[in-house]
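Following: one structure in structure tokens, then a few remarks.
Chain naming follows the written order as A, B, C and D, and within any one chain the residues start at number 1.
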Amino acid sequence: MQPGVPTIARLFGEIGRDFYARGWTLGTSGNFSTLVSRKPLTLAITASAISKGAIAVNDVVVIGPNATVVSARGPRGPRRKRSGRPSAEALLHVTVARVRHAGAVLHTHSIWGTILSNVHAGEGGLTIAGYEMLKGLEGVTTHEHAEWLPILENDQNMERLARQVEETLKRFPAAHAFLLRQHGLYTWGNDLAQARRHVEILEFLFEASGRLRTIAEPYAGGSHGTDKNPRTTANVGGRRIDHQLS
Amino acid sequence: MQPGVPTIARLFGEIGRDFYARGWTLGTSGNFSTLVSRKPLTLAITASAISKGAIAVNDVVVIGPNATVVSARGPRGPRRKRSGRPSAEALLHVTVARVRHAGAVLHTHSIWGTILSNVHAGEGGLTIAGYEMLKGLEGVTTHEHAEWLPILENDQNMERLARQVEETLKRFPAAHAFLLRQHGLYTWGNDLAQARRHVEILEFLFEASGRLRTIAEPYAGGSHGTDKNPRTTANVGGRRIDHQLS
Amino acid sequence: MQPGVPTIARLFGEIGRDFYARGWTLGTSGNFSTLVSRKPLTLAITASAISKGAIAVNDVVVIGPNATVVSARGPRGPRRKRSGRPSAEALLHVTVARVRHAGAVLHTHSIWGTILSNVHAGEGGLTIAGYEMLKGLEGVTTHEHAEWLPILENDQNMERLARQVEETLKRFPAAHAFLLRQHGLYTWGNDLAQARRHVEILEFLFEASGRLRTIAEPYAGGSHGTDKNPRTTANVGGRRIDHQLS
Amino acid sequence: MQPGVPTIARLFGEIGRDFYARGWTLGTSGNFSTLVSRKPLTLAITASAISKGAIAVNDVVVIGPNATVVSARGPRGPRRKRSGRPSAEALLHVTVARVRHAGAVLHTHSIWGTILSNVHAGEGGLTIAGYEMLKGLEGVTTHEHAEWLPILENDQNMERLARQVEETLKRFPAAHAFLLRQHGLYTWGNDLAQARRHVEILEFLFEASGRLRTIAEPYAGGSHGTDKNPRTTANVGGRRIDHQLS
């Protein structure tokens, strides 16, 4: 049984406080969703334009397969200013949940994710390889893994962007996440805990990978400390393997 | 109806604790103001030389159109050492509130804002463009926006600096903020929540933009990851558009 | 007398909250252990795949000399999903505790440790020298100390990696810690407090040493601010000297 | 009247929690002192080798003009392991308090202070100039101020180092602080609040100044954003001017 909106709001609130403190969802940026039902596809999602540092029950709306509101929780008295409009990006959440069979989708705006999305936009993505931390991505069992993070051009036309997202997800079935250029990260999981772990893992890898490039050449040795073991490919399939990072 | 000084002190306190923890108002730096009445123009503002990590009711003073004290809250017993002198920069707050019709003005001193104010001083400002986060600035509806942030030379003569501020605000009517060189950020909003959102958005953009330049050349690709879409101009007018960043 | 598992879980919890907030154990990474008995060698260790930000009593397991579970605490009701499997790296903890006679072992994944482990992998380690902070490493009484941090290649074969660790510990008897490449830090101490201090000291030194290399050449003077006093060697023996860093 | 040791321990505790969270006193590094009496010169100071994140009453000792213990607070039961030995650097605190007539002395170990102490060691110090934040240093009334921060070579011989400190303080009577190479910052004030403000101001300036140098040349413009207004000298005398930074 799926938890109700008050429980979801509490879980979103906990994630939001942590992400906000870390600077990953400043200025109302970011949004969180989790599955309410698979058929018909129904998600609970954070409302548009709210601070992620203090998510309240009224900040959660329930949407259907077209990302339109199915219901919002509780009575709305005359003092309730915000009507719980879903985020404009709700359609991307629905698309990810549908195509990846995800139980939760998290979207963040971090400094290093934003920088890498810009630096690597010309290549259409970036590879992060050789880190033990990659084992925190569901189904990855060795550091000898090369994770390809597709980067999509940002777009205010959500229908068009959702089609791009769907195409990208299908083209790269092993990808655990994608970046929108100069915008942010989308990742997902079977549930909120797994999606949150994916955010933490990926933000760590973005920062480690980004900062490695800030080291001035004479100090970085001949090889400039490039990533190791980029040769392998993840074996990420339908088979559920409990992640073992620790 | 405007809230009273105790409520304002509580709101300032909440903002102050967060900004202080993030390192944006260290060492008594920064000041906050909010509108008490429009006619005559009256602001509640943080007193001079107080820590922003622990703002008390006595740390808020009420000033008039010339930035002189109209009243300070409550009885002053003999144990009250500080008389609630307004910040020397109160005149800048009054100027912004008057020229921009702002309901709240926030001034911060951050690392990246300070660095960029110095690096771009020669050009009189800097442009930040192409980021989704720009949509957190009131009235901006697309990442295809180029925000011009004027940089003014710092000055201890507040009357002269206030005239410079007024001239700058009138010359760049679309600007959401300005920087004082090697000093800090001024931004504003219809209310404290909106002004706070502007601080978070701009500090994120300063950090992302500043750190992008710390990436050593061979790692940044041919284009060195420069900002995208600097061609557009904000359409920011009197029309109120609810911001939609999330 | 050694403390029981509930006390150990509380101590792990305190360390975990701090390390997690600092970004040293994101995404379930890292693990902590402490001695339960020396003969036979028995350790309490964090279970695999748990968040270090919220360690509960059920997240601690007790293992023997071969890193297999001796017992896990308390009754396990049907609602307890995770059976308290020890971390795959438990064998490294046992090896360190045995070879170094350590009372506690801590393993973290930090940004700067990861970066340095990569940049210096070709040299098999790195030297950090000349810092006052080195005095926070047990037995070091002067900043005129050169600490050699061996770097081992990462490996998913724990038996093989444990043998490498044992060999490394014996080859460098004065080392207070080692790095696994693109993976993380292992350090230890007589007890959890000392091991935690070693983590803090080493993370500080990694960050200081790493950031020093981010300074662009023309700003770093002729010598580029290289480490001073790398000539000395630590005199770290069996003799217990209270550390005096403050 | 000076506050008693329990009150001082509480004030040290508050400062310590904040500095520890910011990473300025990791791994038992740093120490704090405040005046108990001027004649004879008596200071309350943090004991050696304690974590600054959790200072207790027993962690404060009272020392005389030679930095030896005058008294430590309260009864010492058999469970009290640590006898309240003063920090080895207590002699530096006494020297600063005596030569500068300071009411409080704070010593921290930060990343950027450590880096700058190394990069500029060859010049014997560094100048920080042109920042508004300089007004947070007592007696500085304009950003057109050039603060000279002497850098002393680190030394484990405290008598010798104390003589160096005394000579430096006398040679640079306007200095608000000094750095020990690859070691840390010493600053002071009339009371703990003022000394704490000085730490915050100087750490901000170290970070801003240090990070400015991490910007790759092509992005920093022709002038590479160097400090402005280094021509002026502080007018810091016996005359007490309330600081006005905000």
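Annotations
The criterion applied here is as follows: contacts are C-beta pairs under 8 Å (C-beta built on N, C-alpha and C of every residue); 3 or more make two chains touch, one makes a residue touch a chain.
Keep in mind it's a predicted model, so treat the numbers as computed, not measured.
The minimum number of touch steps separating subunit B from subunit D is 1.
Chain centres here are C-alpha means, and the one lying farthest from subunit B is C. Rounded to a multiple of 5, the C-alpha superposition of subunit A onto subunit C involves a rotation of 90 degrees.
Centre-to-centre spacing of subunit A and subunit B amounts to 30 Å, using the average Cα coordinate of each chain. Separating the CA-averaged centres of subunit B and subunit C is a span of 43 Å.
Touching two or more other chains at once are residues 212, 214-216, 224 of subunit B.
Because contacts link each chain to exactly two others and close back on themselves, their graph is best described as a ring. A list of each chain pair in contact follows: A-B, A-C, B-D, C-D.
Across the interface of their complex, subunit D is touched by residues 23, 26-31, 46-51, 53, 87-89, 109, 111-112, 114-115, 118-123, 154, 156, 180-184, 210, 212-217, 224 of subunit B. By the touch rule above, subunit A contacts subunit C in their complex via residues 18, 22, 130-133, 136, 141-144, 197-198, 200-201, 203-204, 207-208, 211-212, 214-216, 218-228, 242-246.
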